[in-house]
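Can you keep this structure in mind? I'll have questions shortly.
By written order: A, B, C and D. Residues from 1 in each chain.
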Amino acid sequence: MNNDKGNPARIQHGDLVLLSGHDRREFLVVMQTGAQFQTHRGYINHDDMIGNLWGSVVKTHLDYAYMLLPPSLEQLVRGVKRTTQIVYPKDIGYIIMKMNIGPGSRIVEAGTGSGGLTLALARMVMPHGHIYTYESRPEMLETAQKNLARLGLESYVTFTQRDIAEGFDERDADAVFLDVREPCDYLTQVHAALKGGGFFGALVPTTNQVSDLLAALAQHPFGFIQVDELLLRSYKPVPARLRPMDRMVAHTGYLIFGRALLAEESNDP
Amino acid sequence: MNNDKGNPARIQHGDLVLLSGHDRREFLVVMQTGAQFQTHRGYINHDDMIGNLWGSVVKTHLDYAYMLLPPSLEQLVRGVKRTTQIVYPKDIGYIIMKMNIGPGSRIVEAGTGSGGLTLALARMVMPHGHIYTYESRPEMLETAQKNLARLGLESYVTFTQRDIAEGFDERDADAVFLDVREPCDYLTQVHAALKGGGFFGALVPTTNQVSDLLAALAQHPFGFIQVDELLLRSYKPVPARLRPMDRMVAHTGYLIFGRALLAEESNDP
Amino acid sequence: MNNDKGNPARIQHGDLVLLSGHDRREFLVVMQTGAQFQTHRGYINHDDMIGNLWGSVVKTHLDYAYMLLPPSLEQLVRGVKRTTQIVYPKDIGYIIMKMNIGPGSRIVEAGTGSGGLTLALARMVMPHGHIYTYESRPEMLETAQKNLARLGLESYVTFTQRDIAEGFDERDADAVFLDVREPCDYLTQVHAALKGGGFFGALVPTTNQVSDLLAALAQHPFGFIQVDELLLRSYKPVPARLRPMDRMVAHTGYLIFGRALLAEESNDP
Amino acid sequence: MNNDKGNPARIQHGDLVLLSGHDRREFLVVMQTGAQFQTHRGYINHDDMIGNLWGSVVKTHLDYAYMLLPPSLEQLVRGVKRTTQIVYPKDIGYIIMKMNIGPGSRIVEAGTGSGGLTLALARMVMPHGHIYTYESRPEMLETAQKNLARLGLESYVTFTQRDIAEGFDERDADAVFLDVREPCDYLTQVHAALKGGGFFGALVPTTNQVSDLLAALAQHPFGFIQVDELLLRSYKPVPARLRPMDRMVAHTGYLIFGRALLAEESNDP
């Protein structure tokens, strides 16, 4: 944490640092006194980075330069070691806004996958909220746990290996998000975990899954259903020749949102 | 805050509640013992809502029903009393991801406008972070303060009435976001307020402003420049006839992001 | 037809003229010696327009000015008197490119609707091609016929009132385009009307219809299937403040294209 | 040309045929009695294709199969031998609709480039219209001429090697389209070539060029200015898993349209 009047912000033991090289390769490193950062371009002792100004440049023993940056949440998510498709940052940001995810929230998530969304949620609910994440594949859960631990966020997350057909352990959760193949199959379990008016969200890649989920939602006490998609278009940052990039990601998934209604109010919108 | 094992979540004194009517009209109300909520459809005593389950339905003395919901951050932003265009929730979510805004962040913002972005940022940096927001028009600043106070978020924000050409009071801020007409004019001030590697962001509506800002950024020690825009497309949530809505918002603004470089590293990317 | 060396182009008897007023209201008029154009802003004798330069301005007896313009095909389509949704010009242009519609083509179309697509196709296949259009609702067919006759294009079109479940009269058509509710129900009839390798196209508004049509196409000898949609984004034409319009049409329909395979070649892509 | 009652359509000497292989490689061939089509997968005598049904499959002497298809205009454009970026078919279709390009039109075009747009325009104005195309680079003009000649369309096009700053030879053209670096520099020349109310169009890749062109148009007698862009989104044609392709072309160019006003009417919209 910085301060208003004191000395400029310096990197400390325990800080998460993004080392950004001229070749645009980036590395996420947690500063630890006595440790060493190694790449094929040489090594740097953490002690030679700790105490430096944020934004300063350090060099490996092979004279290759890295800038020391605070990572964005987008960069943390993109930096996740993964064996599955991760949720895109553009979609995570929108999920946060639509599902009221912030400091103090208690969120249930399935499936964990590589933990990209899990880490973003954990970062957002700190320090008093909590994420309960479920994943049926043990090797995925292990990958996700490592990804969270690497960033020092594991204490904000409870990892459970389970087929969510068996239900969630939580009740009265603020929100439940499903990133699974058939979210339409688990709405009874989702509803049981949510508080009244709680937020439901899901991400699916195909229109058929959207239709299936909408049909299932109509059979359960959910309301305020919305379906959205976000398109991100990036521009070449050249002032005299401003234009969109030539190509873009055309599709990441459809986002479906709703609210848990109390059973007796289920005839509501 | 809810709990895992206890009784279901009930509305308490001090809670922020979204009252949602069948006519889709919505009201944001902070529960206060002894107070009364009034609409042209009748009144409800807060004491008849406090203690109710979240998601339950209450009726006015004229028998008009409202469902009691926790509001999403999107709904809070959309509910701001405004005299200016607010930043859209889709853009706010993306700004949060790109500028690492979360619990504990120290953020400088200008101009405050109606305070829509301010409230979203305040909600995100709780409880230990802080927002420093600047606005030259006193009546706007007052509107924004009222909007924040209504949601109980004013303690997380310092409001300053000032032309930002005079500079910001903060140093070593984690991020600075500009939603002003000519962000290209204030980059010296922005840089002075940011810590090394700190996040710069701006929102502008026209391509000419994007070009001007990109040209100015090239004259100051900033790097890692990106220009993005987000398109939100919503679908009619009908399972057997799934299709996009007929019309959509085609443009809210271009988002420009960058990082403050230390002056001596300004030849960096 | 104009010429290279002679006098500038002047409006003649029989020409189709777009009268464009300052209030942005536009009228399509076929010039006829002795006729009179009447609006609530006054009248103009056709004889006072015939012989004028294209682009000149004439005034009604109430002194209201109209510019005399050659209409674009887009304007002709938009000017159709309609009781149904018309195919959008952006989609028609793409259909023309994908289905090889041009001078000489023989095209089968159903349903005719208000005739917007019919007139664009007729205009494109002149003078030696022909459009065969089918519509089950007699009042729609009549509307379409009037729309085509008004533009002098009726001789390029054969109108048939029929439920296309009964089949088309044509064989060896270059292309068949369906703008009907359930195109998936008529693929046998479509295939019978097409020449080998001929072009099939359809426009449907929902994803469910796309899926149904794709499933049906897989059961018939069609190949080279593609599904596309086009988004048109318009900009405010202000050089110093260039930006997209605030709102846009978000959806007109999904376009599905394929080729008729010879039955014995149906195992092809 | 096909017929309604007679025998099914067969390939004839002079026809343009798209040979489509299983590997999705495609070849455009004009059928010529006695000629031979050769690929690295073997040869086929044209005489073994002439007389075949459209849509039939023929094999090379190495037993590799090709389906014989009528090419779409999109495929002709994509098949152009090119050393420059071609205008995309989605944009060409829209240009046709907006600029009233069809049978009989007299169109001026610059620069010719590889001739992709030229060939589409030539195909559309047949048999009585004409394209006048200008290009300053002789080697480009030669490439374009070959591309048009290969398709038998050269008689509909007049090719001129010239810097268009020197002006066009035509007067009273129906439309002028510019695909050059600085269209803003040639508006006097464009206006001189157009008939009153004639169609002007241009394609430019950057927002700066759009602004420059809009500013220049305001200095010349043009009206009815519009700026558009088209986004093409394609879907995976799988009925049970319908979804957009993962990536798409994000930008091809901005389209600017206007109308030539008579000089004395230049105060018009």
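Keep in mind that, in the parts below, a contact is a pair of C-beta atoms (placed from the backbone, for glycine too) under 8 Å apart; a residue touches a chain by one contact, two chains touch by 3 or more.
Since the structure is predicted, the reported quantities are computational estimates derived from the model, not experimental observations.
Looking at which positions face the partner, subunit C and subunit D present mostly the same ones, since more than half of the interface numbers are shared. Remark: among chain pairs A-B and B-D, A-B carries the greater number of C-beta contacts.
Averaged C-alpha coordinates give centres for subunit B and subunit D that are 48 Å from one another. The distance from the centre of subunit A to the centre of subunit B, with each centre set as the mean of the Cα atoms, comes to 20 Å.
Multi-chain contact residues of subunit B (touching two or more other chains) are listed as 207-208, 210-211, 233-234, 240, 242. For subunit A in complex with subunit C, the residues that touch the partner chain are 207-208, 210-211. Within the complex formed with subunit D, the subunit A residues making contact are 205-208, 233-234, 240-251. Taken together, the subunit C residues at the contact with subunit D in this complex read 1-5, 8-9, 20, 22, 24, 53-57, 67-74, 77, 89-90, 92-104, 106, 120, 123-128, 169-174, 195-199, 207, 210-212, 214-215, 218, 224-240, 242, 254, 256, 259-262, 265, 268-269.
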